[in-house]
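Letters A, B, C and D mark the chains as written, and numbering starts fresh at 1 in each.
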Amino acid sequence: MQPIFEVRNLKRAFGGLAVTNDVSLSMAPGDRVALIGPNGAGKTTFVNLVTGNLRPDSGEVRIAGEPVTGVDAIGRVRRGLVRSFQVTRLFADMTPAEHVALAVLQRDGRAGRLFGNFLGMPDVMVEVQELLGKLGLKELMHRKVSEIAYGQQRLLELAVALALKPKVLLLDEPAAGVPQSDTGRIEQALADLPADLAVLMIEHDMDLVFRFAKRVIVLAAGAIIFDGSPSDVTKDPRVREAYLGSYANASHAA
Amino acid sequence: MQTVLSIAIDALAYGMVLFVISIGLSVTMGLMRVVNLAHGAFAMIGGYIASYAARDLGLAYGFAVLLAIFGTIVIAVPIERLLYRRIYGAPELTQVLMTIGITFCIIGIANYVFGPTLKTVPLPSELQGSVDLGFRAIATHRIFAIVCGLAVAAGLWYAIEKTAFGVKLRASVDNAAMAAALGVRTEIVYAVSFAVAVGLAAFGGVVGAELLPVEPYYALRYMVTFLVVVSVGGAGSIPGALVACLLLGAIDTTGRYLMPEFGEFFFYLAVIAIICVFPRGLAGRAKG
Amino acid sequence: MKRMILAAIAALAMSGAAYADTIKIGVVGPFSGPFALQGKNFKAGIDAYMALNGSKVGDDDIEIIYRDVPQADPAQAKALAQELVVKEGVQYLAGFYFTPDAMAVTPLLTQANVPLVIMNAATSAIVTKSPLVVRTSFTTWQTSTPIAKVAKDAGVSKVISVVSDYGPGVDAENAFKAGFEAAGGQVVEAIRMPLATNDFSPIMQRIKDSGAEGVFAFLPSGPTTLGFVKAFKENGLKDGGIKFFAPGDLTQESDLPALGEAALGIQTTFHYAVSHDSPENKAFVEAAGKAIGNPAELSFPSVGAYDGMHVIYKMIEATGGEQDAAKAVEAVKGLSWTSPRGPVTIDPESRHITQNIYLREVAKADDGTYYNKEIQTFEKQGDPGLAALK
Amino acid sequence: MTMTTTNDMIAASPARRRFGGGDLIGLAIILLVAVIGYFLFPNNLALLTRIIAAALLVLSLDLVTGYCGVATLGHAALFGAGAYAAGIASAHYGINDPLAMLAFGIVAGAVAGLVCGVVILRAHGLPQLVLSIALIHLFHEFANKASSWTGGSDGLSGIAPTALLGLYEFDLWGRTAYVFGVVLLAIVFLLLRLIVRSPFGMLCRGIKEDPVRIRSMGASPKIALTKMYVISGAVAGVGGALNAISTQVVGLDSLSFNMSAESLVMLVLGGTGSLFGALTGTVVFMFFEDVVSAANPFHWLTMVGALLIAVVLFAPKGLYGTAAALVARRREAK
């Protein structure tokens, strides 16, 4: 199958320091990949390079076979590469319904319309209710985001991303900051993600990684040192070295 | 060549006067995060006090300057306690509304108390007249303003970067809650910073009075200039403000020499160009 | 309300005969903001006139209603004028410091049946906008033209003109140029500088580089004149022998204490000096000084207002208190009297004031204060600006 | 740049849907106030017309400041462009039909909005504020320079609008101008209500809160904001044209920093991010100013200053914003 998402020989240096050093990976529809790595491994830079917020020094990013290296962040979203944020970035004054509706309308190219209201657009409302219903947010759909719990905000973050109907979803620590009692819901939501969606999850929590991912990529010092099945990752000597070498600093990495 | 040199001198002198008057605003806006549109009003109060002391009471210039600084602080401290304290951390537009309100009040009161005429601060004989630079003459008080500007820049830089108070101030600015948890009394830090900013405003008002004469509308008339200078420099940055003042002083002076009828265009186009290149001000970019 | 009913009954009873009433005059001017000083002078002139001539014309009481337009704002001026006419029922409009404000009001006059007496606004064209406009101040052309002759007579043949870049500044430049070139002089360069100029050193450098023997300058009264005059001295132009000519806006009396020594010797032409030596002016200055509180704040708009009141009083006399704008204006055409500034006439054709223009020099009085000392008189000057319009 | 916001509660509440009762209520209130104004101050219609023109400017400012979070002290540029375009059309080209003049005003306002938007949106926060200040000064200088077109500081006179629809002359009492203004305001208000609740309005509110998030949703904040600027310019252009038609003189003040600052003060006074806030702020400020300046033409500025301070202290979300929050809280308590 043709890869839906590809990164080829991506390089970026700050000053003389190579923060992303010759990274290549490829994902097919339906892939569940976890990207892990000790602190300072260059995960954030990698995400920024992939999403188009940073320009690489060299290398290439492709979505569904199309090179998007010269395309800006907005263009990549429109081509199906959507991300969620590690710290929720939602609009405090708006309701979950408005969040999802905005994403749906934007996806359909209707977000610039000067008249009408999504509440009066049946097709939009159906999608909004369906999506929020799946994530258990339907009762809250008309409350302000600032009034709902953090765990629910994380779910909404996911809902917004899904409403964009991505081909590739980049999840940045989707369960970060959520109290233990609520993580179940999020994991359930992750498990329910569309089957043909390629998901790249950046995560510290190894339990989650093992439950979710079919494939694990380990980034250390800007380079991929491991790309394989979850069962093999802890056995790999290079991974052990990368983690144990900085174990004191990365206390919450398993 | 002579002309170029001459313009350079004018630019330096004008830039430094701008610096002396504006730097207090850079402190309130950058370090205390208050859009203080009443800055000009405090400068004006300083000018009035100095004028009253030197002209009507016949006090010595130096004494009048000190009186202006401390007098203005004495007037400003209750305003800080009663009004400014309420708007720390408030949305910027709220701060704009409050400080414009304060400015209107001060203008009204100044108009009532001092009348609408121009007030000057008589210079001591040492600062009167001109100094011959060989190729041209320059007013002595301008040299005085340049020296004051440099002294203020150095003093402020030292206070912020090198003293214990500066550390506390920067800590309070970065994270007030954290600073408070570490035992910094942020209220006092803010009050002192505010007093310093107001004192600088008053000082600038007096030193700059030869160029920007004191009258009730002073508070609004030059506010835009101060605001522009501070944000082009990058609020809160002493070197940024200094560079901005010199740069804008140079552009203004050169523009007014070469094409006075388009002087305003030059100045504001330059401002737009600078901000488009350095969207966070000259110093904002340098930091990263 | 009660009084209105009474008045109505009285009017019916006396059917047309004159009866005691209150005649209202609406005065629009800058009473707050950056030009508050000029507005204050309007009020001082009006108060002085009423103090000296009583607040009654015939049996009618005169009431002044002030409205504030802090800075040129034609929309506001027009709204206030409308309110004065329609709501307050004023029979006369007066004041107006800024030209656009006056311009905005002129279209109302005929319909409102109200004359407009301009006490300051100095652009020539205003009087042409309505036949009901009378002006008792001056025009920039009027005060700037004689100085050209003064400059030529002083033996200066090359002059650089430096004016603030707005309507009156451009008027002054044109007036001077016309007058100076007619007298055989040459304007080597004409610089227009932004109104909001704080630092005049670069301008001074320009003047120096131009090689002119004299400079003609126009700046509006107020803060910037101080910087200009000081820069002229500090940059060594004054000591370098460059002569300084200007219309009198530059050295208005209320600015002189601030200008101080730097202004000493500057020659200006203007229609009025507070120091003018005449019994009429003595009485005026005393009354106006009392009205304004601080006599040092007295300046030229006060005399425009004073004479404006004179014209309005004459209009009321002529109409017997009836509201008849055309008749009122007709009555003062050609009116001559001795104003505190000297002999003046309302030109019947243009309805603008014909007056003496004086050459003055800033001098130091015995008590250490500075004043404009009149040294030469150009008699009966009309407004050359109107001719230039045609 | 963050700001206090009063989102149109009515707009956000799902109970009032497509044809929200809020619109009709709002329209009814505007018309009611207009009628009351007409009968309460029949002799002061010029002031009321001026308030309407200012209200259009403040509404226009609210679109970019209240709904999009753009900080500007140069919004009069859009208003002045409309005023001068309408004025020049009449004074120089003999286009004296008020509706045609209005069209010129709208187009010029929109174009000015585009220009200002492109420049102002290049920075954020304080530098953005300064960009807007620089722009308004450039516009002002330009109008001053082009005096053969604009009349420079003497003002553009010779504007002579013909009777509205060929029926209603613009008279001394200012009745025609007032009614014209009220109708314009009502139409603009309704259109803006539609826009702020539309998908585009929602997008703009999102941009105001977090432009980065909007980008990650695949929308371009810059394009959306520029579009809003153009709309805002058209609205301000309506106000400017109304001003030119009713006053028949356009002065440089309509392109001034002062007017920009005053409109911002009025907006914040009423409460940003709400059309009613903008209207409330304008009416209260201008009315207050008129009353105190008539009562004491010499020292009224102090009173206005005191009002502003009092509002910040006691109604920090603006007059309407605070009132709306109170009502909402009470409703919730029930």
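FYI, a contact is a pair of C-beta atoms (placed from the backbone, for glycine too) under 8 Å apart; a residue touches a chain by one contact, two chains touch by 3 or more.
Computed from a predicted structure; not experimentally measured.
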Where the centre of all protein Cα atoms falls, which chain's Cα centre is nearest to that point?
D
Measuring centre to centre with C-alpha atoms, which chain is farthest from subunit A?
C
Distance in whole angstrom between the CA centres of subunit B and subunit C is 36
Between subunit B and subunit D, the Cα-mean centres are separated in Å by 32
From the C-alpha centre of subunit A to that of subunit D, how far is it in Å?
42
List the centre-to-centre spacing of subunit A and subunit B in whole Å, with centres computed as mean CA coordinates.
48
If I count partner chains per residue in subunit C, which residues reach a count of at least 2?
32-33, 36, 40, 165, 194
By the touch rule stated above, which residues of subunit D touch at least two different other chains?
141, 145, 298-301
I need the residues of subunit B touching at least two other chains; which ones are they?
108, 111, 261, 264
Which label fits the chain touch graph of this model best, line, ring, star, complete or other?
other
Pairs of chains satisfying the touch condition:
A-D, B-C, B-D, C-D
Within their complex, subunit C touches subunit D through residues 31-33, 36, 39-40, 66-68, 71-76, 78-80, 82-83, 85-87, 99-101, 103-104, 106-108, 111-112, 123, 125, 129, 165-168, 170, 194
Residue positions on subunit D within touch of subunit B in the complex are 1-4, 65, 71, 119, 122-127, 129-131, 133-135, 137-138, 141, 145, 257, 261, 264-265, 268-269, 272, 298-309, 311-313, 316
What does subunit D use to touch subunit A in their complex?
5, 7, 12-14, 17-18, 194-195, 197-200, 202-203, 205-206, 209-210, 212-213, 215-220, 224, 227, 231
Touching subunit C in the complex: which residues of subunit B?
3, 6-7, 10, 13-14, 17, 108, 111, 115-120, 130, 136-139, 142, 210-213, 215-218, 220-222, 225, 252-254, 256-257, 260-261, 263-264
Spell out the residues on subunit A that touch subunit D in their complex, using ranges where they run on.
51, 73-74, 77-78, 82-83, 85, 89-95, 97-98, 101-103, 105-107, 110-120, 142, 160, 164
